[in-house]
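Below are structures written as C-alpha cells.
Below, subunit A partners subunit B and then partners subunit C, in two separate complexes.
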Partner chain A sequence: MLDAIYIQKERGTAKVLKYMVRRGLKGLLTIFVSITITFFIIRLMPADPVSLLVDPKMGPEVQEAMMKQFGLDKPLIEQYFIFIKEVMTGNLGVSFKTRQPVIEVIMQRLPWTLLLLTVTVSFSLLIGIPLGMLAAKKRNQFFDKLISTLVVIGISMFIPFLSFGLLYIFAYLLKLFPTGGAYTPPPAEGFAYYLDVARHVVLPAFTLVISNVATIILYTRNGMIDVLKEDYIRTAYSKGWDDKYVIRTHALKNALIPTITVTGLMIGTMVGGAVMTETVYSWPGIGRLIYDSVSALDYPVLQGAFLVLAIAVVVMNILTDLAVAWLDPRIKLGG
Partner chain B sequence: MGEKILEVRDLTKYFEVSNGLFRKKKYVHAVEKVSFDVYKSETLGIVGESGSGKSTLGRVLLKLIKQTSGKVFYNGQDIMQLNSKEFGKIRRELQMVFQDPYASLNPRIKIGDSIAEPLIANCISTNYAEAKKKVYELLDLVGLQPESYERYPYEFSGGQRQRISIARALVLEPKILVCDEAVSALDVSVQAQILNLFNSLKKKLDLTYLFISHDLSVVKHISDRIMVMYLGEIMELATTDQIFSKTYHPYTEALISAIPDPAERGRKKRIILEGDITSPIDPPPGCRFSGRCFKTMEICKYQHPELIEVEPGHFVRCHLYSERKGDC
Partner chain C sequence: MEKRTFCKTFFKNKPAVIGLFGVLLIALSGILAPFIVPYPTGYGTEILEPPSAEHWFGTDGLGLDVFAQVVWGARTSLYVSLMAVLVAAVIGIPAGLLSGYKKGIIGSAIDAVIDIFLTLPVLPLMIVIAAIVGSSINNVAIVIGLFSWPSLARVTRNSTMKISEMQFIEAARCLGIPSRKILFKHILLNIVGPVLVNLTLVMATAVLSESSLSFLGLGDPTTWSWGTILKKAWDAGAVIDTPNPWWWWFFTSFSIMVYVICFNLLGNGINDALNPKTRE
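Up next, the complex of A and B:
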C-alpha cells in the first residue's frame, strides 16, 4: 500500500513537471504575441520620437543621422525582425531618451514597483479576507450591507480623484506624509532610509489597497457564502465541530480558491505598474516609467516595460493554477 | 414494542421569508406541531413528497437548525433546551446520514480523516493517528478497503461515498441514526446494497433508525413503522403492516398506489393527484391536503382535522374518520 502511494506521488511530480513545460511553452507564445502587438501599436502613435528629441533648428541631416542610429530608417517589418532577434538574445535595446540600456532602466524601476505591490497585496489580503469572511457569516445583516456598499464604492472609485483627495488631506493639510517620490533626496543612511521610504509608500499603497481590498472582500465573501451552503459544512456541524473550526478548516480552504485566482491576476497586472497611482505620487516604478516613456515616445523602454508585464502575467497565471490545484485535489492540471 | 427512546412533542419549525423592507413577514410552515414517539431498536420510516418537511424535521431533531417551538425528549431529557455545550455529549448518540453523498463530504479532506474528525471533535481521540484504528474498523464494517483511508471523496462512486457517510455517522457509536434520503441519489441496484447494509448494521449495532425518504417502496422495505407527512404535518402513522393492509388516509392511498408492482403491471389502478403541493407559506385553514384530495368534502376546506387514533397504534389526520369516531 505504501508503495502504491509512493508511485502515485512520483507520478504526481512528473505530471506537474510535464504540465509546467506545456504551460511554459504556451506562456512563451503568449509573450511573443503580446510583444508583437505592443511593437506595432507603439509605432502607430501619430508622432515620431526623433522630432521630439532633436531641435527643429538643427536641420534634416541631424534628424536623419539620428533615425539611422535608432534604426528607424529601415522598413517597419525589418525593424520588427531585428527587435525579435535582439529580444531572443536578451538585448532590449537602448532608451531613446537617456541612452541607457533598457534592461538597466527597468531594473532600476522594478524594485520600487515590487515594493509597492508587496505592501498593497499583503494589506489587501490581511484586511480583505477577514472582512469578507465576516460579511459572509453575517450575511444580509447590517455589517454585511455596510461592507457591500463600501466595496462598490471602493471598486468604482476613480484613482486620481482618490489620490488627490488623500494628497490634499494627508500631505498638504495635515503634513503627515510626503507628497511624492519614494524617498527624500539625498537618500539617508541605514534605518533612517527605510523609515523614510516607509513614509513615502503609505499614500500610494493606501490608494491601491482601497480598490484592491474591495475586490478581495467581494471574492472572499461570495466564495464563503457559496461554500457555507454546501452540504459538507452541515456534515461538519453534525460531527460536533463549533463555528470557528468549521469555518477555518472546512470552509476557508474551499472558499479561498476564487480569492487566490484573483490575487494572482492582481499581482500579474501590478508588476506592470499602477500607472495612474505611480504617476500621481511620482513613484519611481514601472507604471511611472510607462507614463514617461509614452510622453517621450521612447519605443525601446515601452517595449521592455510591456515585456516585463507580459512575463509577470504569464508567470502569475501558472503559479495561480498550481496553487489552486494544490488546494483542491479535484482540480486536475490540464492544458 | 420496546421503550420510548425519543418523544417528539408539538415540534414546529417556521422559516421566515423576507419580502422586502416594509412588507409583512411571511413564514414557511416547514414542520407544524409534529408529535410522535420513537421506540428503541425500531426503524421509523418518514415519507412524503418534496417540501413536506421530512428533512427539516430530521435536522431539527438533531439541532442542526433551531426549532420554532416544541420539545424533543431523548431518554426523558428535553434536548431542545440544552445549549450546544450540554448537547455535545448527546449529539454523539444522535447522528445523521445526509442526502447527497456527492455534496456531503468535504472534497479537500481525505475520507479517513473525514471519518476520524468526529472522534477528535468530541474529544474521544486526541489525534488522527489514534483515531486511525477505529476508522479502519468502520471502513471494514461498511465494506470498504482500508486503502480508502488515504483517498479523496472524488475518487469514489456514489454508493461508496454513501458507505463513507455511513461510516462517518457510525464512528461515534450513535444510538439513533437519522437517514435523510440516504439512498435517493443512488442507482436502484446500489440502493438495494445500501439498504441491506443498513439492515445488517442495525442488527450488529442495535441501532434505532429514522429513515426519511420520498420513496414509499424503500421505506416499506426497511421500516417497522411508517409516518406519512404532508406540508409539515403527520397525515398517517402506523406500523408497516397496518398501513399497507388498511390504508386510511387518501394521501397514503395515493402514495401506495404509485408504488410500481411488476406482478400487477397495468392492472393496478393508480390514483393520480391533481396539481402540485400547496404553498407552505402561511397555509390556509382547513386540511392541508384538501386542495388535491380526491375524497375532499366541504368541511375539509375550513376545519383543520386532528390526528386521531383509529386503531391501536394507527393514527390518521382526516375528516373522513373524525366523523366516524363521533358516531361511535
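Up next, the complex of A and C:
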C-alpha cells in the first residue's frame, strides 16, 4: 500500500511537469488565437484613428510621418506581423490617445481591477461556501428552497439594476458611501488613503459579490450533495463519527472541487467581465479602460487590454486544473 | 419521454409555471404594445411626475410616460433576444451536431473552435463589435447571437455524442440513410430537450447583453429598449442626484430582472421535467 503511494507520487511529479508543458503550449496557442481574432476585429472599426492622431492643421508631410511612426501606413497583414513580433518582445506600442506606452496604461489600471477582484472573490467564497453547504445539508427543506430562489435571482441579476439600487440606498439616501471612483482626489496620505479606497470599493464589490455568490452557492450545494452520496462518506458515518467531523475531513475537500473550478473561471472572466460594474461606478480598472478605448478608437490600448484578458483566462484555467488535481488524486491531469 | 408525464411534472413545479406565465405576459405585452399604449415620442407636459393613476410608472425628464417606454422596450427586448437565439441556433445546433457525430478532423476542428470561442471575453468583444457594426437592433441581435452559439453548440455536441452511440443510429447508418438525414431527423429529435433548455437560457442572457450594450450607448438610439431608458435615466442623474426620480430607472430595471428570471425559471422547469430524477 505504502509502496504504491510512493510510486504514484514519483510518477506524479513527472506527470505534472509533462502536463505543465503541454498545457502551457495549449495556453500559448489560445492566447495567440485570441489576440489574432481581436487584432482583426479591432482593425475593422470604421472610423479612422488617424483623424484622432493627427491635427488637421498639420501639413500632409507631417501627417504621413505620424502614420509612419505608428505603422499605420503599411498593409494590414504587415501591421499584424509587426504587432505579433512586438508582443513577443514585450512591446505593446503606444496609446493613440495619451501617447503613453500601453504597458504603462495597463499597469495603472490592472491593480484596481485586481483589488476589486480580490475583495469580490474572497467575500463570495466566504459567504457562498457556508450557505451552499447548509443548503445541501437541509436539502429540499425550506432553507434549501429559499437559497435556490435566491440563486435564480442572483444568476439573473442585471448589474446596472443592482448598482442603481445600491447607489440609491447607500449613496443617495444614507450617504454612507461615495458614488464612484476609487479614491477622493487628491489622494490622501497614508492610512487615510487606504480608508478612503476601502470606502470606495464597498459598493462595486458588493454588486459583484451579489451577482457572483449565487454561482458559488449553487456549485457548492450540488458538489456537496454528490459527495454525500459516495460510499466513503457512508463508511465514515458508519464508523460512528459525527456530522461535523465527516463533513470537514472527508466531504469538504472533494465537494469543493466544482466550486474551485467555477471560481477559477469566474476570476478569469472577471478581469474583463466587470465592464458594467466598473463603468457604473467609474472604477478605474481594465473593464472601464476597454469601454473608454472603444469610444476613443485607441487600438493599441484595446489590443493590450485583450491580451491581458486572454492571459488571465489561460493562467486561471491552468491554476484551476492544478488545484483540482491536487485536491482529488483520482482526477488525472489530461490535455 | 412521454408528453403527458412531461406536462404533469412541469405543471406541478410552481417556479416553472410562474416562469411560463411571466414569459407569456412579457411576450404578449411586447407583441400587443401598439394596442396597450401609444408609442412614447416627442415631449410631454408633465416632467418627472411620480407614479400615479394616470402614469403608472411616472414620467421621465422629457415628460414621457415610463410605462409606455417599458412596454415598447419589452417589444425590442423580445425581438432582439429572439433574433439572437435564432442566430445562435442556426450556427450552434449544426456545429454541435456535426462535431458530436463526425469523428476525426471535422469533429475535433469544430470542437476546437467552440473551445476558443468559450474562452473569448464576451462582453468586451461585443462592445467592440457593436461599435464597429453600428447601432441598429438587427446588428445588436446578430452580434449577441454570434457570441451565444458556443454554449449551445457545446450542449448539442455532448447530447449528440451520447445519442450517436446508440444502436438505432448504428442501424440507420447501416441502412445507408444519408448523414444529413440522420443528424437532423434521428439525432436532433432526440436531443430537443437539452437544446430547448439551453435556448431559453440564451434568451435570458441575450436580453441581459442587449440591455448592457444599449446601457453603454451601443444600442439603437431610435427604438425604445430597456437599456436605452436606463442610459437616459443614468445620464440625467436620476440615480444619485437630487431631485431623485427613482421610478425612471426602477421599473425599467425591474422589468429586465423579471424577464430574465422568468426565462431562467422556465428553462429550469423544462430541465427538471425532462430529468425527473435530478429533482428527487
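Points to keep in mind about this one:
Following the convention adopted for this analysis, the second predicted complex is superposed on the first by the 305 of 335 C-alpha atoms of A that agree within 3 Å, B and C clash if a C-alpha of one lies under 4 Å from a C-alpha of the other, contacts with A are read in each partner's own complex, and residues count from 1 in each chain.
Everything that follows uses one rule, which is that a residue touches a chain if its C-beta (ideal position, glycine included) is under 8 Å from a C-beta of that chain, and two chains touch if they have at least 3 such contacts.
Please read these numbers as outputs of a predicted model, since none were measured by experiment.
Once the complexes are laid over each other on subunit A, subunit B and subunit C both fit without any clash. Look at A:158: by the touch rule set out above, it reaches subunit C but stays clear of subunit B. In the superposed model, A:254 lies in contact with subunit B only, and not with subunit C.
Contact with subunit B, but none with subunit C, is seen for A:234 once the two complexes are overlaid on the shared chain.
In the superposition on chain A, A:275 makes contact with subunit C only, not with subunit B.
Contacts of A:313 after superposition: subunit C is touched, whereas subunit B is not reached. On the chain A superposition, the C-alpha centres give an angle at subunit A of 80° between subunit B and subunit C, rounded to a multiple of 10.
Between subunit B and subunit C, the partner in contact with more residues of subunit A is C.
Looking at the shared chain after the overlay, A:149 reaches subunit C, while subunit B stays out of its contact range. In the overlay built on the shared chain, the residue A:174 is in contact with neither subunit B nor subunit C.
The gap separating subunit B from subunit C at its narrowest, counted between C-alpha atoms of the superposed chains, is 7 angstrom. Taken together, the two complexes place no residue of subunit A in contact with both subunit B and subunit C. By the touch rule above, subunit B contacts subunit A in their complex via residues 18, 59, 62, 64, 84, 88, 91-92, 95-96, 98-100, 103-109, 117-118, 121-122, 146-147, 150, 152, 154, 165, 168, 172.
Against subunit B, in their complex, subunit A makes its touches with residues 1, 4-5, 140, 230-232, 234-242, 245, 250, 253-254, 327-330. Subunit A makes touch with subunit C in their complex at residues 30, 33-34, 37-38, 41-42, 44-46, 149, 152-153, 155-161, 164-165, 167-168, 171-172, 179, 269, 272-273, 275-276, 279-280, 287, 290-291, 294-295, 302, 305-306, 309-310, 313-314, 317. Across the interface of their complex, subunit A is touched by residues 15, 116, 119-125, 127-129, 131-132, 134, 204, 208, 211-212, 215-216, 230, 234, 239-240, 242, 244, 246, 249-250, 253-254, 256-257, 260-261, 264-265, 268 of subunit C.
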